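Take a look at the structures below.
Each of the next two complexes has chain A plus one other chain: chain B in the first, chain C in the second.
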Partner chain A sequence: MWFLKMWFLITPFLLLSYYSVYFSSMGFFWGLCCSFIFFILLIKSSVVCFFFYVPNSWVLMDDLSFLMEVLVFLVFVLSVACSVKDLSFPLKETSKGLDSGLAFISLPCIMFFCAGGWMPFYFFFEFSLIPTLWMILKWGYQPERLQAGMFLLMYTAGASLPLLMCLLFISTVVGSDSFILMALTDMSHWFSRWLLVPVLLAFFVKLPIYGFHVWLPKAHVEAPLAGSMVLAGVLLKLGGFGLIRVFSLFKMTLSEEALLMCSMIIWGGLLSSLVSATQHDIKSIIAYSSVSHMSLVAVSFLSCYPLTKLAGVCMMFAHGVCSPCMFALAASSYDWSQSRSISMNKSVLRLFPWFSFYWFSFIVANMSCPPSLNFFSEVVMFSSIKSIGFVFILPLGLLCEFTCVYCIFLYGFLNHGGVSSFLKSYPGISDRYLMSFLLSFLILFFGFLGLDFFLV
Partner chain B sequence: MIFFAFRSYTTFLFLFLTVFGVFLALEGESMFSVWMGMEVSFLGVLFLISGETEEEVESTMKYFIIQVISSHLFLLSILSIAGGWWVLESPYFMVVSLLIKLGVFPFHFWVPSVISQMSYFSLILISVVQKMIPIWVFSNLSLEGSLLWLVEIALILSAFVGAVGGLGVLHFRTILSYSSISHTCFMVVVSFYSFKAFIVYLAVYFFLNLGLVSSLWSMKIYTVSDLQKVSNISSESVTQAISFYGLSLAGMPPFTGFFLKFFFLVLSWNEFPLMCVFFLMFSIISLYYYFFIFSALSVFSLFGGMSFRSKPFYWSWTFTISVVFNILPGFMLFMAVGIV
Partner chain C sequence: MMQACMRSQNVHKGIETCLSKIVRHLSIGKTLQYSEDREYRAAAGEARSVKDIFKEEFSPLMKGEIHGVESKIPRETDILIIGGGLVGTAVAYFLKAYSSALGSVTVIERDYTYTRASSMLSAGGIRHQFSVPENVLMSKFTSDFLKNYKQHLSVFEQDPPEVSFHHQGYLFLAPLSSAENLENAVKMQRSLGAKTVLLSKEQLAEKYPWLNLDGIEVGSLGTSGEGWFDPWQLVHSLKAKNLANGVRYCEGEVIEFKMEDVRSADGTRKIIKGVDVDCKDGKHYGCNFSCVINCAGPWAGEIARLAHIGDGEQYGDTSNFIELPVEPRKRYVYTFHCPDGPTLDTPFVIDPSGAYFRREGLGGHYICGASPNDSEEPNIEDLNVDYDFYNEVVWPALANRVPAFNNSKLKAAWAGYYDYNLMDQNLIIGPHPYHTNFLFANGMSGHGVQHALAIGQAIFELIMYGHYKTIDLSRFSFNRFMDDELVIEDAIV
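Let's look at the complex of A and B:
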């Protein structure tokens, strides 16, 4: 029996060690990224331990932050690799610097995930907003990006100022803002439950949840490719991470309010997946699909069951890998047809078969087909959410179905169909896309071998 | 010091007079010295803000009338409190006169029309230096009961005016006037805690405002249509650096201006929680026009043409000062509040 188990552990190593050699030919960052992931797999599989690093009262790194840091790093490398067009052919001399803009987005995210107190948490939560805004305004492609930036700023900053107030209130009552102190005290009877509402609101806007989601399609559509990738991959997960921290530190299990919120969130997810099926803009479809996946994540954290938390974290990670790649695929279509419309980009299967393979794999992962990570997370999530309320099965099932609807709609419209007479095969598409897709494909479809990484 | 040009030989004299007036008010022994310092400082400022153009003279006139009325009311309240006949409304006279001087609701109507016609140097003087003495008096008053209620309502409503009034405005000085109204409300509440806290707030606000105003003045940007003048290849990076001031004054992390909001919240959360809630809600609204400053300077002024030569990065003191004022102290000040 141990012989089989050993192969389950070694297979990811073998695959990644083989492919990391292949990837290192793409450049320094690729080799770094792959060796980083290899190193993590080594550590996590060899020792049954939980990881908890607290050097001072401002830094706290546990399993979840480690996982999220891996995700940030991965998405950063993917974004840099895929935004070849913006990096090598900037529109004008002063448009250089997309890579440093990306680094400025990733830096506060990295700091955010290892924050050890509520004040650094809030500071970096807001800090990540400004470089994103800068990136959308400076390197976005269309003039609508001004309104998109305004929506992004007003929604997220507007929801997080009440968060600041509540965090300050809690810090003054508890005496300190450090997570360690709060983890060791049982504070569930010190505050009224209504205090959590502004706190949760900030994270619901960041995630986003259906009622407060308006900034997301605008920001995703108008952002440059790297910005979209980092937005979808990392910045939405800031909200989910915040939810986990709030629930685990405040130790308040909301019962009636949670049911109310869960039902509204699930309904919102269903609506969002329906809306996604009606869009004509590829990036918009993917953006609304992000909203519905994040609604599932929010519900899974609200339920406060450990297994559902695993499912939520797994869904965050899987979505964080899958969604940027879908945006990169959409950008590859934009590269050769200069249009994001679904009716203008057709017949990818005939013109770019490799891209069609990746369209298929990521769309299939998005709609949670086995053996992708999304499948495992969604199965566990659905079976746990029914324990909150059995009636949730109906909207969840419908959500799953409509996810399949828009995913297959997206795949079919883009990949099949006749070639229009004014579209030609374009030699300029970079093969860096393919490299990054391969890495994400491996992570998504072989990640189930390491499902215990998500048990945070 | 070069940017505020030597318009006349007497600029330094009147600056000295202004500062001396503040000193008189703060260090004098009686209420009369406060009033005297107020008048002396006002005299100095008056000479400085009446510039050359007709609009400046007009706004100086408006400012003069408002300030003289409020100074007289202040003097009346001093005479009534310190000696002579005490009437029930005597503390109200003092508070109301200070509210008129500061430009707080419902006496805020003079602020946009006065400041929008003045030069940038006068803007700094009026929105920073002239706030010191009235707020010094505020920080020494023991407000309680219905007097405190009056001040609280006035401040909350003027925060609302400051937030809503700047929406849809295209002239930068008018936006800065509404920004100064809402920051004045913050400053008054901070001064209830202690005068030293107010000085800290004022210092950071002064540097931010000074940086923004000096940058805008050196590029001669007064309204959105002036941005065409700076949309050339050499000033593009500088204008983008200046745009950070907009979000900094709005109170967004990681800029220095976030320290202003955070400092205010930490100090006044225990005593005035409801005011903190209202002020934060209104500062969300004001974020719209601060975003307008930010986007106007960073996006509207972009150079739209092709650049055929690779232009090296154009350093200028405006850029350096913007980074030094906005970005460098941001995180450090935030941590300083946390430690202290």
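Let's look at the complex of A and C:
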């Protein structure tokens, strides 16, 4: 297994450096950062037997962090490859800054996932918002002025202020902000368990959970492709990762508040999948599907059981690979027909079968069809969640069913239907672009071979 | 093909001379060359300055100005309809009436007061008596729709819509030379379900004793579904329903079409990406769209030229050599009063000479008009009425046909434009072969008002299903100019 882990470590860095050198000076700087991190990790020969790496009190790397770092690199590489049209080699004046904007989003995410203490954790959690907002505003498609950006900023910043208060309080109690010391401290007689709720709120908004999810469809519809991909692939996982950290360090147990939150979250996921089936904007459908998948992730972490944790992490990774690809395909459809409406993009199967194949594979992965990673995560998740409360089977089953409904709805409308007389001709999709999906396809459909990799 | 090219070249020259006049004189107060220093608001997907966005966002706070949340023109829309007259509004209605989830529909109209709109200046007649089957079917569609318009166009919590439909048939009179044509036309119309009857000379004399039947052999009368209505009211009812369904109306003038070069294995081609719209607030707005529908009426030719239709590109087996052969033609409508003219049972009479009249109201008023010969086309620079035309052409013909009109007095008159199709005076509908996302709904040459609803339904079916479902209008596609398969309509008024 160590060999696989080593390979997983090296490949994203190499890919990233390769792409970065081609695209911009900022990308080169970015490639340099990654190589630097890689180098630091290599120095400590624990890269070979990799379990828990703490070079100093502010950086911490364990299996979960590592997995998330791999995901960030993967999504970054994918988004750079898919927004080649926007970057347009050699760089045009108008695309100036998109690549550095991308780098600026990914950098805090990288640092967030290897944060070893609450300070860098919170700082990079919040800092990732600013380049996202900038990207949405500058290259976005918003019809009105600041709406999507305001929603994004206000929701996330507003919900994380209680988090800051709690973290500061905890830091004073423990005496340091290091995760390790926090895990070793017994905090139960300093404050009640209910302090956890405001702490979790920030992550629920980030995930997002139904009820705090309103910013996500707006942000996705209005963001440019690269922004959408990074948003769906990485930024949502900040919330999930934060949830895991909080649970493990607070030594959470399955209690009343956890069960209450579980039931609300599952119900929200079900509602979100229903809403997704009624949308007419392709990006909106995928955005609401993100909400319902992330609600499953949140429930799996709340259930405090190792197998569900595996399922949740696996779902996070699989969703983080599948969703950006679906957004990239949606952006391709938009490039073709200049419209994001599901009624204006039709008959892809008849006109571009290869494109249709990728739509099929990612939609099928999204609705958790075997042998995709989503399938394994969902099956494990469902069988473990029933152990915390048998009544959850009903909403979970319905959620699964409605996920299928909107996935098939999306596939049917896009791929079938009459050939629009006014949408016949297409400029052509480049091979390089399609090949970037091949990598994700392989990861999603052959990733089950390394399922124990997600047992973090 | 050669003939088509030559004909199109002649049409080209004809259009150029006519339309160069239009370019100089007809635009409403604005020139087509806009000054470069007007502020430009970027269309969707183009980079904008974040600092400017924030400055604009906080300017109400700093300066006390009030901005609406919505921008004047949307940065992107799925379907853009150029022209907010009856055709444009009908297209928007059918697009959104099916499902408001089709996408976003925006209508751009440059004059909300509709001072020159053909829809508003039209006499508003609807007849089923055409020689082209599709025209008959389109008018029947409109009649059926207007039968149930209250059901279709009611908006919750608003006053019920009105169209003021007056039921009265059209009477086409034919001399011996064209009697057989009329008979065949009536047969065709009846086979399609239109309730037209053929009246012999005796029947005409019995039914209409006030009619002078010299030189008339037969007449065809529409007995059901024909009449006239108020197109102004129809436009406003449709518009109210559209606004309730989420269609976005914008006031602005399209001044430029933005193109994009796209490379593929077969070569480079241009696609229409968006428009530049000039707004009254002094700014230009960029608006990208998936599909644009030209409902600009008489000025459709202008819009098509802005969209580089006829520029001469070629891609595969599609080409862009022919311009849209639509130009404005001025037509007059005169109102006169006759104290002892025909009363309630007066049909819409169309004389073989081309003059027509119908009853207006119940007080002895009539409206009338005629189509001038090709050599006598009036000047399209303005909407001034030529009374000599009435005195020399229209009134003599009508007085001959209805002797009572010898004792009539001209009361009023107005002029409006036909969106005249130079080639065959019939509808042009469907996508352009090269610019496939540019749809036409032009060239109705006087039948726009009675066919607008059917055109709206047809465009909706094209966009939603990819082919026509209710009425097959593929004969009226733009390709017919290149394939030289013109559709000639005999019963032109």
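Brief remarks on what is shown
Simple rule for what comes next: the second predicted complex is superposed on the first by the 386 of 456 C-alpha atoms of A that agree within 3 Å, B and C clash if a C-alpha of one lies under 4 Å from a C-alpha of the other, contacts with A are read in each partner's own complex, and residues count from 1 in each chain.
Just so we're on the same page, contacts are C-beta pairs under 8 Å (C-beta built on N, C-alpha and C of every residue); 3 or more make two chains touch, one makes a residue touch a chain.
Bear in mind that the values here come from a model prediction, so they are computed numbers and not experimental data.
Residue contacts after overlaying the shared chain place A:Gln338 against chain C, while chain B stays out of touching range. By the touch criterion stated above, A:Pro224 is placed in contact with chain C alone, chain B being left untouched. One of chain B and chain C touches more residues of chain A, and that partner is C.
Look at A:Phe409: by the touch rule set out above, it reaches neither chain B nor chain C. Of the two partner chains, both chain B and chain C are touched by A:Lys138. In the superposed model, A:His280 lies in contact with chain C only, and not with chain B. By the touch criterion defined above, A:Phe127 reaches chain B but does not reach chain C. Once the two complexes are overlaid on the shared chain, A:Met165 sits against chain B while remaining clear of chain C. In the superposed model, A:Leu153 lies in contact with chain B only, and not with chain C.
After overlaying the two complexes on the shared chain, residue contacts for A:Phe446 are found with neither chain B nor chain C. Of the residues of chain A, those at positions 94, 134, 137-138, 146 touch chain B in one of the two structures and chain C in the other. Here chain C touches chain A in the complex through residues 44-50, 53-54, 56-57, 69-71, 74-76, 78, 99, 101-104, 262-265, 269, 273, 288-291, 315-316, 430-431, 436-439, 462-467, going by the rule given at the top. For chain A in complex with chain B, the residues that touch the partner chain are 92-94, 108, 119, 122-124, 126-127, 129-130, 134, 137-138, 146, 149-150, 153-154, 157-158, 161-162, 164-165, 168-169, 172, 177.
The part of chain A that touches chain C in the complex is made up of residues 94-98, 134, 137-147, 224, 278-280, 337-344, 346-347, 417-428. Partner chain A is touched in their complex by these residues of chain B: 233, 236-237, 240, 247, 252-255, 258, 261-262, 265-266, 269-270, 273, 276-277, 280-281, 283-284, 287-288, 291, 295, 298-299, 303, 305-307, 309-311, 331, 334, 338.
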